[in-house]
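Accompanying notes for the structure given below.
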Amino acid sequence: MGTSPFTRPCRLLPLSLGLFQGTLLLFFALFVTYDEPSAQVEDANLVANKVYSTFPFFQDIQVMLVVGLGLLLTFLPRYGLSALTHNFLLLNFSMQWALVLQGLLHHFHHGQVQLDLHKLLISEFAAVTVLISVGAILGRTSPCQLLVMATCEIPVYLASEWVILNCLGVLDVGGTITIHVFSCYFGLGVSKALFRAGQQPLHPKETPTPRSDLMSLVGMLILWVFWPSFVAVLCQPGDAQHRAILNTLLAMSASAITTVVTSSLLERDSKLSPGHLQNGSLAGGVVIGAVADMAMPPVAALALGSLSALTCVLGFRFLTPLLGRKLSLLDQCGIHNLHGLPGILGAAASAVVILVASKDTSGSHFSQLSPTGGNASEVGGEQWGDQGASRQALCQAAGLAVAMGTSLLGGLLTGAVLQLPCLAQPPQRLCFDDSLYFKIQDQAETPRPGSTTEEGALALKEQI
Amino acid sequence: MGTSPFTRPCRLLPLSLGLFQGTLLLFFALFVTYDEPSAQVEDANLVANKVYSTFPFFQDIQVMLVVGLGLLLTFLPRYGLSALTHNFLLLNFSMQWALVLQGLLHHFHHGQVQLDLHKLLISEFAAVTVLISVGAILGRTSPCQLLVMATCEIPVYLASEWVILNCLGVLDVGGTITIHVFSCYFGLGVSKALFRAGQQPLHPKETPTPRSDLMSLVGMLILWVFWPSFVAVLCQPGDAQHRAILNTLLAMSASAITTVVTSSLLERDSKLSPGHLQNGSLAGGVVIGAVADMAMPPVAALALGSLSALTCVLGFRFLTPLLGRKLSLLDQCGIHNLHGLPGILGAAASAVVILVASKDTSGSHFSQLSPTGGNASEVGGEQWGDQGASRQALCQAAGLAVAMGTSLLGGLLTGAVLQLPCLAQPPQRLCFDDSLYFKIQDQAETPRPGSTTEEGALALKEQI
Amino acid sequence: MGTSPFTRPCRLLPLSLGLFQGTLLLFFALFVTYDEPSAQVEDANLVANKVYSTFPFFQDIQVMLVVGLGLLLTFLPRYGLSALTHNFLLLNFSMQWALVLQGLLHHFHHGQVQLDLHKLLISEFAAVTVLISVGAILGRTSPCQLLVMATCEIPVYLASEWVILNCLGVLDVGGTITIHVFSCYFGLGVSKALFRAGQQPLHPKETPTPRSDLMSLVGMLILWVFWPSFVAVLCQPGDAQHRAILNTLLAMSASAITTVVTSSLLERDSKLSPGHLQNGSLAGGVVIGAVADMAMPPVAALALGSLSALTCVLGFRFLTPLLGRKLSLLDQCGIHNLHGLPGILGAAASAVVILVASKDTSGSHFSQLSPTGGNASEVGGEQWGDQGASRQALCQAAGLAVAMGTSLLGGLLTGAVLQLPCLAQPPQRLCFDDSLYFKIQDQAETPRPGSTTEEGALALKEQI
């Protein structure tokens, strides 16, 4: 491998990343500070309670993104180190970049930016979009390309989120539209623009082994367990948050079982596909985000979970190959099946729930439709009439359109940028391999002087 | 493997599972709703506090069951995917099934079932019994059989739990008797009825490798860390919960060290057995459940932890082989050693603690025996006289007898049902193998066209 | 391996460990009890709130030490079981030993020791020092040696911590000086005294494989995620704790990115070294401990995180080989780079922050320098003048000196003790191998009777 004629990315990655850290330091030095410490005891208690009510959720989300999502991506057997590391690097880079942009954009006119846990959380949510989008092009891109992609995606996301939540007043407490749909079509746009040739032959290192599937499955389970925290963290404390947690648990549970059913039925001998399991079981978490805190009956959460898992598995089986053939679209992790289709389903469901809920409760005095997402305060608490509900349902649809439109456009443009030769996209034959990015001391390849063949064979046997 | 004459389970699993999901949807649509949203601010705060005080414990328990227990079962080197997936599937199925049954049985006469986090938690506890019982027959059964087993076990468990906690008033906050003893003997009953031939020859795929032992060890560590949450979640907040956490921590710590001591002493060259470690370290958590919140001195928790680990390791070394020879009893994971023996020990300890505590404190005015389990409210808070204590101690013994009786009987009957040919029990030679249930693309078996022998050898070397 | 002339540790380990458990039981029986249960409802609420505010942090720290640190140490490909198990055993042993010593020393004059979660936490912090120190000699020592080392290190640590926090009043809420610096130099001292020959040739089993690097990386990520809990658990609830969490998050994020930058720049072809990544990303957590709750601007946390990662990676690249050559110092895990250098940096930073903060705020009426560590209450809340700040800064320096002095001395003495032949240090050629301490059933080595060569080859292929 040392004799490869392929020119390595060399110094571009560390230098630009180092420059970014320097800029970040400068930005923080000039503009960012902490909240004034609370002067009174009551305020201190308030801060303490806020920490105790937010921090456990925050930690759960960190585990999801750093450990869970990282492990989920290790299904490529020889790309585990890279998948984990790039995921980790991108999370940190994107979060810092989102902090900078949000600081500049939203808070600059107030002078100093006052950092708190909530702002970090919002930046982390922005970073999630990058981590999802990357799934479409996993293993075929250099870290340089991924960082450029993150640099482009974060501002587009922030703009899109601002339009969707603040201008349109869309209700989406779990990020179904703003995060999942957006990141899916951004990733697909990048993939389409970057791999125009498309439909590349199956790479030998692309096939998961039982062992890499196992690691990926563990990642899925970690994501599955902590997903309720992801959906509920921004809900209003109290009933809405309680309901969001329950709805998410029900939806996740239903999608786990439906995935097994669907995946078994698709195969002639009823065998399960690990890939279906790794993705379908999470579809319920994607679909429930937009409706988790709304006043709908529990059965709706179960039904949505089942339906989303069904859609996801069918998407893997039929839609992904079709898109590959017709549109020459590469989608390495199948993000369209896990984030795209269930996201659209969730957006549609939110419109329906809003319409139905308003009819159910009109004229009833104990109606308690409380569609207050933590990030849609202007409509919170208000009771909708029939007309208000129709308008809100339309807004949900408009939000979906905005998310899909901006992300596709942004993704296509970003993909075009990623083709720059200086970003050192690895050639096809070197894809999916850790040894391109990591200094790996391969025992088998470099036998020590003096080792006989017999020792080598013994070592081989012992290592297994 | 494709030419195997063995008839695969085919469509039975997905069809029946799909039918179950449909029935669940119907049940939820007709009978289940959420609590009325709280109308007042104070109530909302109450709900919020309840969420913050229960949800972290709930998440910990989810991690234990989904990730920890799943990984613990991956000690079979070629059965990891199946162990993780079946555990995950059974957890979801059993939880939903317990929700349905509890809804029908306990709450039907109140009309609508109001779902909340506490009810989900209770259902999850019911599901735990299935996950433990399965350990006895791990790797030798089809998913169909496991689902039928869960279908039978949950109602028997609910009945047994109702008798033990509500009729007998047994104190068992951590489920030592109701969960661990019950599930152990249910599993052994199933194993006995299902594998009458017994004493099957050691299967070549049954032997753990260092790598699968490592994964299983990680699972044990996850269970070990979060066990205090499992024991303390149903305790009354305040002193009882605090004491339950401390007692569990002490017992777990003592059993970790005692396991190393005992396992080392049993081997001629003082080597540790990974299997002993994976199980013995958890015995302290099993034993402490029945007494965790009682007013006993800390030394009792340490002593019980040590004693249970000793029993568990000795059980692995001497009792399991004996049971195998004399009763032809198969116990794949050794659940009798981890859940049965320490469970009985814990039940006995609870009787002793009740008797001793009542004597210690009789006549003393500052006595504070507070045996209030979250699920034994009728005796809570009351001070026992000597007589009351004797009666309660007898109840504990009666509870143990009920748990063992119902579970053994239920298990034997269930095991007989599992022999139905349509449930597709895998033949001996196909046991312990993921490829029976998973679509695994085995690189080594299917060399791509054009690959030379040299490339294959290189791939082999590189993969190691 | 069975014919090895090397005399195994035999019965010393289990017997002494068993003796220790017996002594512990006796100690607990005589001296330890629980707090009196609270008589009034308000007190019960207070206890409940204390549990809810401490227990999640405590669980996070348990995950870090048991799972995260354990996995981090599995980078030695054939020593994973031992690394995980020894870490687990040492944690439990050291915690119990610290409980005993603290009970005897600090509380004996009050009669009964009242156990609570806080005391367990403090003992756990003491145990951390042992787990870190062991990194210097990982893989080359027997469990007996490790237990003797823990036995010696805990009292030295408790004495050193008492001097640093109580006599000198050093501010160090995250244990930068008391834990990280101390444990690093203790470990180096042991290593120096134990391996006088030093500079041993590279052992063939010492080289990580991609797979063991992956497991170790997962361990790093778990530590990375939960580190804020470790730093903030002893902070005063409210602003100080909030600030400690934010500062730690910022420092960890900066060190993650700086590690990638530095490690890439050091290699000619910009490849990353997994070892750098596994350690450098955590350096930010080490450095921030001493200043996390101080009133410094967020940029300082970012800068410290970056600087510590830079120091750590440079240490791995240049200092460790240099120390190996010049001082014949073995440092298997590079604890000097992860705990020593960033720890010293953090201590220096704490002095600077104290000096700068006192100047910044002198004469300003809204100054809120609140340097109240949970363990330095005597200076808490007080406003420093210039003079007070200088004195406090000097104390920080003195604390660093005390930590380094006592630990080096204690380590050298302990290392000398570890050379006792009865402790059964493994010979060089048997190092880094699980099979020395675990009963491993190696499939490859013991082919079953009747298996043909072909089957063996197939098994070999399938296992890969």
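Labels A, B and C are assigned to the chains in the order they are written; within every chain, residues are numbered from 1.
Methods note: a residue touches a chain if its C-beta (ideal position, glycine included) is under 8 Å from a C-beta of that chain, and two chains touch if they have at least 3 such contacts.
To keep track of the chains, here are their UniProt names: A, B, C = Ammonium transporter Rh type B.
A quick note: this is a predicted structure, and the numbers were derived from the prediction, not measured.
Undergrad: Could you name all chains that are in contact with chain A and with chain B at the same time?
TA: Intersection of chain A and chain B contact lists gives C.
Undergrad: Looking only at residue numbers at the chain A/chain C interface, is the share used by both copies over half or under half? Answer same or different.
TA: Answer different: the two copies use largely distinct residue numbers here.
Undergrad: Cα superposition of chain B onto chain C: how big is the rotation, rounded to the nearest 5°?
TA: For the C-alpha superposition of chain B onto chain C, the angle is 120 degrees.
Undergrad: Based only on mean CA positions, could you tell me how far chain A sits from chain C in angstrom?
TA: Spacing between the chain centres: roughly 33 Å.
Undergrad: Among the residues of chain C, which are close enough to touch at least two other chains?
TA: 52, 56, 78, 209, 442, 463-464
Undergrad: How about chain A: which of its residues touch chain C in the complex?
TA: On the chain A side, the touching residues are 8-11, 13-15, 17-18, 20-21, 24-25, 28-29, 32-39, 44-45, 47-48, 50-52, 55-56, 59, 62-63, 66-67, 70-71, 74, 78, 80-81, 84-85, 88-89, 92-93, 95-96, 115-117, 120, 215, 434, 436-443, 448, 459, 461-464.
Undergrad: Across the complex, what residues on chain A touch chain B?
TA: Going through chain A, the ones touching chain B are 52-53, 56, 60, 77-78, 204, 207-211, 213-214, 217-218, 221-222, 224-226, 228-229, 237-239, 241-243, 245-246, 249, 253-254, 256-258, 260-262, 264-265, 267, 269-274, 277, 281, 295, 297-299, 302-303, 306, 366, 368, 370, 442, 444-445, 460, 463-464.
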